[in-house]
Amino acid sequence: MKVSGSYVVPVPQERAYALLQDPAILTKCMPGCEGLDLIGENEYAMRMKMVLASVSGLFAGKVKISEANPPASFRLIVEGNGKIGFMKGEGLLTLSPSGDGTNVQYEGDVHVGGTIANVGQRLLDTTARMLIKRFFEKLASEAGQSERRLAAD
Amino acid sequence: MKRKISLTINGKPYTDEVEPRLLLIHYLREVAGLTGPHIGCETSICGACTVMLDGRTVKSCTMFAVQADGHKIVTIEGLAADGQLDAMQEAFWNEHGLQCGFCTPGMILSARQLLADHPNPSDQEIRHGLEGNLCRCTGYQHIVNAVRAAAGKAGA
Amino acid sequence: MIPQSFEYTAPQTLKEALALIEGGERKILAGGMSLIPLMKLRLAQPAEVVDLGRVPGLNYISETDGVVRIGAMSTHHAVETSPVLRAHCPLLAETAAMIGDPQVRNMGTMGGSIAHADPAADYPASLVALEARIRLVSAHSERTVEASEFFQDAFTTSLEPGEIVLEVEVPVEPSNEGSRYEKFAHPASGFAVVGVAARIRKSGDRIAMARIGVTGMGTHAFRDRAAEQVLESGGTIADAAAIVGAGEQPNSDLFASADYRLHLARIHAARALTAALSRAS
Amino acid sequence: MATTISKPETLVGKSIRRQEDPRLITGTATYLDDIKMPGMHHACIVRSPHGAARIRSVNTAAALALPGVAAVFTGADIKDLGAVPTASSLPGLRVPHHHLLAQDRVYYAGHPVAVVVATDRYIAADAADLVEVDYEPTPAVADPEKALAPGAPAVHPQWPDNIAFTFHQEGGDTAQAFRDAEVVVKQRITSQRLIPTAIETRGVVAEWRQGDKAVTMYSSTQIPHLLRTICAAILGMPENHLRVITPEVGGGFGSKLNVYAEEALMCFIAKRIGKPVKWVESRRENFQCTIHGRGHVDYYELAAKRDGTMLGLKLKLIQDLGAYHQLLTPAIPTLSVLMMPGLYKFKSITADIIGTFTNCVPTDAYRGAGRPEATHGIERMVDILAAELKMDPVEIRRKNFVGKDEFPYATTTGLTYDSGNYGAPLDKALAAVDYAARREEQVEARKAGRLMGIGISAYGEICAMGPSAAMPAGGWESATVKIEPSGKVTVMTGASPHGQGEETTFAQIAADELGVDINDVMVVHGDTSVVQYGIGTFGSRGTAVGGAALFYALQELKAKIRKFGVMLLGSENVALVGGSCVDQETGKSVSFAEMVTAAHHAKTLPPNTQPGLVATHFWEPPNFTFPFGAHIVVTEVDRDTGAIQIRRYVAVDDCGKVINPLLVSGQVHGGVAQGLGQALWEEAVYDDDAQLVSGELTDYALPRAHFMPFIESSHTETPSPVNPLGVKGVGEAGTIGCSPAVVNSVVDALAPLGVRHIDMPLTPQKIWKLIQAGGHA
């Protein structure tokens, strides 16, 4: 499944890029993420609890950042495995200035398998878009907060 | 933790201790020994498990036995309890409204419900009334004929 | 397919029920039409389930002072066949008749359906078009939200943990109003690929009021105020239908891509509005 | 004791309501999952969620620790047992070793990896969740054309080209036909993967009888005897120590014409745990693990004269086999090749099959099995040619039909069509639909901007499978008729009906032949310890082969009964009339009961005659039968949504002599529903990772009552000379005739937009996009 879109984050490009590499920020922004542990260069083990209405599932997986080209672009790879299925998402995020903020454009591919793929195809696209939206909304709010903290310092 | 449930099935009282997760269809088939209702899917689509709950059709695979506590259930076995076929059963037989027979118990109960709600249905109403029951054998045409025949008999 | 074990409680009063669900850890079972299949597939694995089926006083449909009140545990069948709704809010009865299949309508409840908030459910289109209000209660609070505020995202509503839907309030449709729900049903699931609810009131030859609710198209049902505006300011049904869903990002699946779904929404908006107009006097 | 004997009315040819129905309409029939045994355990199977993966490890400790769990079996436990075999023996066929459970790799999503056995099905399900399998996913391929592309992932690493076999067949001089052609039309035509979806899923109960060192297996199967032979071989046990019983079977459509790993596994497990064990497939397993049907990508080229005379046909057929060969997997596309001439006088045909492995569940026989694909292809090509030549589709068909005086007719694919009158059902269908009026209506509709179409298919099929020479494991059928001392008649058929109604049609035949009441006849089937060996019910063979075997057994038995009549009447000049034996000179008679008693009491016996009244006949058919028919479909397409409305559905089928018209129409209706399912709604969809994304009935759309049109069904009757009943078979006719008629109709509706072909299923989205693109999507 192809996904693409863009969101504006209210911080300058360098700052946005840094936030997107920050495991603490990623943990907060990735829906359901319960923690990232560094296991290699730009690579983290991930624990995730996805809850969507009645559906819930625990996933264990990895988050990896590659092709880093600060502050312009990088590739984000997220993988998770759980009893209800597994997923792998890979996307190129491209940052560019947009007014006072940064436009983050993403383009990628999401692969889903197991029960959630077998019985959930009607909702996969909707859900993927919703989760991406939540990620960026959270990122925007975190970015805003971090800006205020920086300004206060 | 098991819970005690008491219900009436085909006019007879039943009391059993069941796990809350026990599906009504499994209770009927494996505890009460009524294997007329069948299991054809797990997503509440096929309707093979259809039974009557307090006079209305429900899919017994999409209900826990504990939810039926205190209620009245009728299964296909309850229709000809005295050995006399129900008019809808008779109509399915006469009109060849079944082939493999697996969907038939649920189909007959849905057909009876539809006549209870619409005593003189059009063919389209009959077909919509059977929306919740899949049959892979008959192409439904003889089933529609059977319902029409049963309606005619009821109206006569 | 077998659900995982869970603890089960069937409270006998609303107070007891609300106390049990405080904190939002326990899963609420109403008609079970969405929850139980998910549990059987083990996509949902609640540890504790609270069954509202034995709570009295949640199953009613009545009209007072121009408002129809529908108890959360009213089944779709009850909504479909309610003389009160048929007389005072035919749109909702018509919508209920198009949900799932007869057996699902006999068990499924309005409260359960809207709390689940499937993006392709039928009721939400009509409820937003009807400007319905949804009464929510918890052990400590009671509040009422507009339907258009209630549906927030896919499977996401404004329900807080510990809250349940108590009742849906629908303003009576005046007798000169025309309304219609048009649905393009998925052939397998029966869900709305798109569903459009339309209401129209006329003043002479012009449309004095139009309401359009759309489901199945986006992450949640929405009222299309821009399209309503077109009609209320003298535009044609074709003009209005042509902009339905503008600015929304339509869902896409095997059955209907985003562009096709948007197109279907507009076609069904035109059909629903045309039918509603013909019913308005 | 002379009584007046009048010949009773015959039952054959009459619409008799079914003998099997009382138990089915009262919920008292016993299907597989209704079987309960003391101490019975339940199995739940752990399956691969990946389309392709290496198995690093399987950890069963947590599952085994769950109270109530008796055992967990993995690939290591069964690696020395036999493999699931294919009966197909195409030259050069690559056969992957199909273990009962995965060894170090999985090859499709749903591949069984472990079996958990517990005292209760709920506990078994819980324990299955606790089995930890560590997979290393590897690249997978689900699309057969992608699988054939260079560099595609290898389904089986030892065969990197993913080709299981190639098969070439040539009849006549195709090259010459294409040189002689004045017009050549070409088209790629697909026949999508379908999920058979019997409403009863598969299931097995196996019981080990320690004292007898024997297993009784109950299975929801179409082929109890073949299942016994093959399962015994897999398990390495004597065949006569395995008894297979088929309880009531809730539909098959070919999906239960197979031997599955689970059947052998449950026998193995029952012996290992010393307890009966039951496994019942969930619907999701049924979608992922029971065979699929179809899965063709076909490239057709048709050579013709400008006057519409068809000369030659070329076909490249890419068959999506899936990851393994099930019982008949590689054989199915060869049936397509046989059927390619359809009803037409082709001088030459060349076909090349490329059997292709994919990371999907195997394809195999699903209602029609190879013939719907071929009929769809040829009937589409005839329409494409008609459009090219601007000929009426009726005219071009008539021009090329094998003439009714040309039978038996030898086809270029090596078949001999038994009998036919192809114009008759077409004429009848045209009259029923009032073809000329519909064409006029279409002209008006088009003027008004409406998209109305009329589609025709004139189909033939290969039925009564079949002569043993053409079948992998015997194509005959058996019947035993016993007359019990009380005069009751027991018929035992080697066929194994599962909804077709043979308990009724066979009773009709037996009652007529013996002159007894139909209610005195009981038809027994599906128990290998009771019924003589048989082949089974599939390929529209139940009545045409099994019924014929019964007919011959009845003749043998009647000859013996007559001997007792001769003895009791003291005259050679006797005849059996009704149930009695009548002295033709004196009019004296002895009753059926008297002859039966004489045979059983055996106080005196006719010369060279044994006591008792039993006859068994194993009948080898000399040929297939070739039913045919014409379906005409009138459709209208909603320009706004792409939705298709079927306004008329006319089906005229010729299945030879009809034993029971009510049951024949039921077969046609059901067949049409499955054909319509393929034409409009059904498709098994695997994504690029070989995940089955149409994995449940919530996404895979079966026809429902309100989707179906009223089918105007009627018949012509051209008896088959192949069997004494004159029957041809009807189980698959509706399916085969349907899909091309529907697609031809919709293409006709969209022809003003320049549409020439659409692949199935004709979903509204697909149609809408074509309309949007002005026919050129």
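Order as written gives the chain letters A, B, C and D; numbering starts at 1 within each chain.
The criterion applied here is as follows: a residue touches a chain if its C-beta (ideal position, glycine included) is under 8 Å from a C-beta of that chain, and two chains touch if they have at least 3 such contacts.
Just so it is clear, the model here is predicted, and its values are computed rather than measured.
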My parser should flag the chain pair with the most contacts; which pair should that be?
B-D
Separation of the C-alpha centres, chain A versus chain D, in whole Å, is 50
Geometric centre distance via CA averages, chain C-chain B, whole Å:
28
As a quick test, compute the distance in whole Å between the mean CA positions of chain C and chain D.
44
Where does chain C touch two or more other chains at once, residue-wise?
1-2, 4-5, 39, 41-42, 186, 188-189, 254-255
Residues of chain D that contact two or more other chains, please.
121-122, 129, 282-284, 693-694, 696-699, 702, 704
Within chain B, the set of residues that touch 2 or more other chains is 19, 21, 42-43, 45, 131, 133
What are all the touching pairs of chains?
A-C, A-D, B-C, B-D, C-D
Which residues of chain C touch chain A in the complex?
27, 34-35, 38-39, 41-46, 116-117, 119-120, 153-156, 186, 189, 191, 218-219, 249, 251-255
Along chain A, where are the residues that touch chain D in the complex?
83, 85-86, 111-115, 117-119, 121-122
Under the touch definition given earlier, write down the residues of chain B that touch chain C in their complex.
1, 3, 19-21, 23, 42-45, 47, 50, 53, 56-59, 61-64, 66-67, 69, 110, 113-114, 129, 131-133
Listed in rising order, chain A residues that touch chain C in their complex are 52-57, 83-84, 115-116, 119-127, 129-130
Touching chain D in the complex, chain B uses residues 19, 21-22, 26, 29-30, 34-43, 45-46, 48, 75-77, 79-80, 85, 89, 92-94, 96, 98-105, 108, 123-124, 126-128, 130-131, 133-144
